[in-house]
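Next, two complexes with chain A in common: one pairs it with chain B, the other with chain C.
== the complex of A and B ==
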């Protein structure tokens, strides 16, 4: 485990020494701050609008941080040839891959926590309440979803030729699943065979990232009984970890067979 | 003496994706043996297979046939690299890290205890004369400083075998001298050094034995003194003879 955490530590150091996170966070703060200062249409419920914009920015920013950080890990190591002195040490390729995953996931988690704390402050300043349990569930499930996306991106980074192609494909798949994933089986009902069966199969195979999305509950302030039960959150965590593990194991198998020269 | 580095009938082929192109044989049955405590110079013209051999020893490339061993452990096992230090030809390190962070990272890979790590970092940064720059990111270092940081990382685990890939390539005369001094010091400490180089004068000075590789085959292997005596010329001329160099009239 020490070797895995050593690799993860370098990933985290790289992220906080780069400017991506700071830029995205400042942009989110600026846009949300402007919304907060203005009171469009003198609407009493303007806070819902502010929360929706802020959460949307958090989702976009976290996805950008997760995908761009994970996509460049292995290609950057190969391009800058830092992979060579690293693999000349007693570390296996799967340890490198898992270390990269842990580093990206932890770094993204810390960034996400900062975003959610900011969101909590914005929300509390207008609503004068802070439903910590709801926000924690939202943060936690969001982080689990990012774990799947990071593992998928790491797989793409060893299977696809360029980071740009990988990032584009991962963004399309992620946004596609978030927007359409929950409706694929219903769409399939209106299609002819074999497309219907194919779409139904896709519905059952893909990771349902939309299940991790608690934005609507948060925006409309549905707390208490409307929130998922903690056992469901635990179920979501296991579901997320299972998909992350699947993508990660596949990535390790692909990476293990890759000649590095 | 025990062989710390050994290859047995090592063969590496690179298959081309283009069906019309033939498979390239990079190594054709290499049998090599480096004994404890010796400095072994691995020579050959560009494309001879030196880098491929290094790549197999370090586990980057799998052999098509045959096997390679470090301390009698097959190089396919990561643990085979527990007692080696590797210095690549060019500096390939995380440039956003400082020298001490880089050494701390590699020390964790070797699972060296924390207090021992700090002692070794202090000692190594002193050895490579980088104490003054230990807290600066590597991207701010000159080429010579980066190469010295490379030497420090190669020594962090106090290795018994050092694999050096053209360690003085691209360095100024002062930098070369420093690297040579460090190799000499390691030799005096009884470490085994396996290094590839094009600097034949340097090889002649430092090495106990050399192997000359050409077109994937080991053409000559022996003690430097013996080769020089046998061919009655210096190592450079031995090298040129072995690789079949014919001077052309201009």
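== the complex of A and C ==
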């Protein structure tokens, strides 16, 4: 376990040394600030529109941070040949892979937390309330979703030839699932066989990342009984961890047989 | 190297020549459309009407606090057509049965825990939340009269902002100077909020004139309902004129407008009742 956390620690340090997070955070703050300054019919109480834009930017930024951080890990170690001294130590390949995953996931989680704190401040400054439970649920589910994306990216980083190809494919898959994943079965209803069965099968196989999206509830200020129950959040967490584990185990299996030179 | 640079320069010259040749033809085809002054609208080009429609629907989504069918749901088209934000009185308090339908599988059932599940409409001054989308929609498609009318309605009725409503309607009138809907909505501000009867009357008369210019040539009924005459607007204008004359104390003129209204009304019996009441009032005044 110590070895896994040692590898993870290096990944976390790498994230705050790099500029990606700072640039994306400042960009989010700037754009949200501009939206804040926009004047719609001299009404200074409008907040949902600002929340929508801010949350959208947070989702985009967190995806960029998660995918770019995870996609570079193994290829960079191989390019710079630091993978050889690393594996010369008493550490197995699966420990390296899991260490990379834990590092990326924790680092992304820290970045996400900063984004959500900013979002909470923006929201509270106009609404004068801070529904901590709702924001925590949103943050938690968002983080679980990023876990799946990171595991998927790590699998891509050992299965695909270049980080660029990996990042492009993961972005397309992630955005595709977020936008369409929940509706594939409805589309299949209007299709002929065998396309209908194929699409339905895809619907049941893919990780439903859209399940972790609580944006509509947060934007429109739903609280109390309208929020998901904690048991549902737990269910979502188990679902997310199961898919993360699936991609991670597959990545470990591919990495175990991968030639490094 | 030099050959490559020369090819690049040649390509650049060809591109420039093509643009210089095509631009005047394009302008002639589109009727010399000018830049709107809105960066977003200029960037989106002809696609801006589509984005404007999206913004308008998004206002309806906000009106329902996110409880809205997706583009893949059967109910979506019906909801977009109903557009509760446009017809608030009709939608208030109604529970739309089968709005989302039954979930088809466990994934959909589980996913519903993380989405809005209750059908509500924005209450009180919360309606302000739809305003950014309405403004964007109007900026992107300034010819869509409905956006101005609906926004002005909410600004005036719910947010008590008649000045902002007037400014917005006037900006709509700049692009649609002969719109009876906009003139009627503007007249309503002068009648209800300002109690400026002469100004309101002028605006309603202008709306009536424009209605005859714009709507009268249209067929009374079409199969799809598109492009047919807006008789309801005529009723509204004549009703508002009658109301204005009554409020201003010109009961005889109000009676004339009610007679005109009766000839065009969907409910002549109701109008006859109003006429009788008004006649009784006039007679009582004479005695």
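As a working rule, the second predicted complex is superposed on the first by the 256 of 261 C-alpha atoms of A that agree within 3 Å, B and C clash if a C-alpha of one lies under 4 Å from a C-alpha of the other, contacts with A are read in each partner's own complex, and residues count from 1 in each chain.
To be clear about the criterion, a contact is a pair of C-beta atoms (placed from the backbone, for glycine too) under 8 Å apart; a residue touches a chain by one contact, two chains touch by 3 or more.
Given the structure is predicted, the values throughout are model-derived calculations rather than measurements.
Asks: Looking at A:31, would you say it contacts chain B, chain C, both, or neither? Reply first, second, both or neither.
Replies: After superposition on chain A, A:31 lies in contact with neither partner.
Asks: Return first, second, both or neither, reflecting whether A:114 touches chain B, chain C, both chains, or no partner chain.
Replies: After superposing on A, A:114 lies clear of both chain B and chain C.
Asks: First (chain B), second (chain C), both or neither: which does A:253 touch?
Replies: It touches nothing on chain B or chain C.
Asks: Examine A:201 and indicate which partner it touches, taking first as chain B and second as chain C; both and neither are also allowed.
Replies: neither
Asks: Contact-wise, after the overlay, does A:229 reach chain B, chain C, both or neither (first, second, both, neither)?
Replies: It touches chain C, and chain B stays clear.
Asks: Quick check on the superposed pair: does A:60 touch chain B, chain C, both, or neither? Answer first, second, both or neither.
Replies: Neither chain B nor chain C is touched by A:60.
Asks: Which partner, chain B or chain C, touches the larger number of chain A residues?
Replies: C
Asks: Touch test for A:106: chain B only (first), chain C only (second), both, or neither?
Replies: It touches nothing on chain B or chain C.
Asks: State which residues of chain A lie in both footprints, the one left by chain B and the one left by chain C.
Replies: No residue of chain A touches both chain B and chain C.
Asks: Mind listing the chain B positions that touch chain A in their complex?
Replies: 51-52, 55, 58-62, 78-82, 84, 86, 88, 90, 92-97, 101, 105-106, 108-111, 150, 153, 157, 163
Asks: Write out the stretch or stretches of chain A touching chain C in their complex.
Replies: Counting only chain A, the residues touching chain C are 38, 40-43, 45-49, 141, 182-183, 185-187, 203-204, 208, 210-214, 216-217, 219-222, 226, 228-229, 232, 235-236.
Asks: Please name which positions on chain C make contact with chain A in the complex.
Replies: That would be residues 62, 65-66, 70, 72-73, 104-105, 107-108, 110-111, 113-118, 125, 128-129, 131-133, 135, 155, 159, 161, 164, 168 of chain C.
Asks: Using the touch definition up top, name the residues of chain A that touch chain B in the complex.
Replies: 2-3, 5-6, 9-10, 13-14, 17-18, 80-82, 84-92, 259-261
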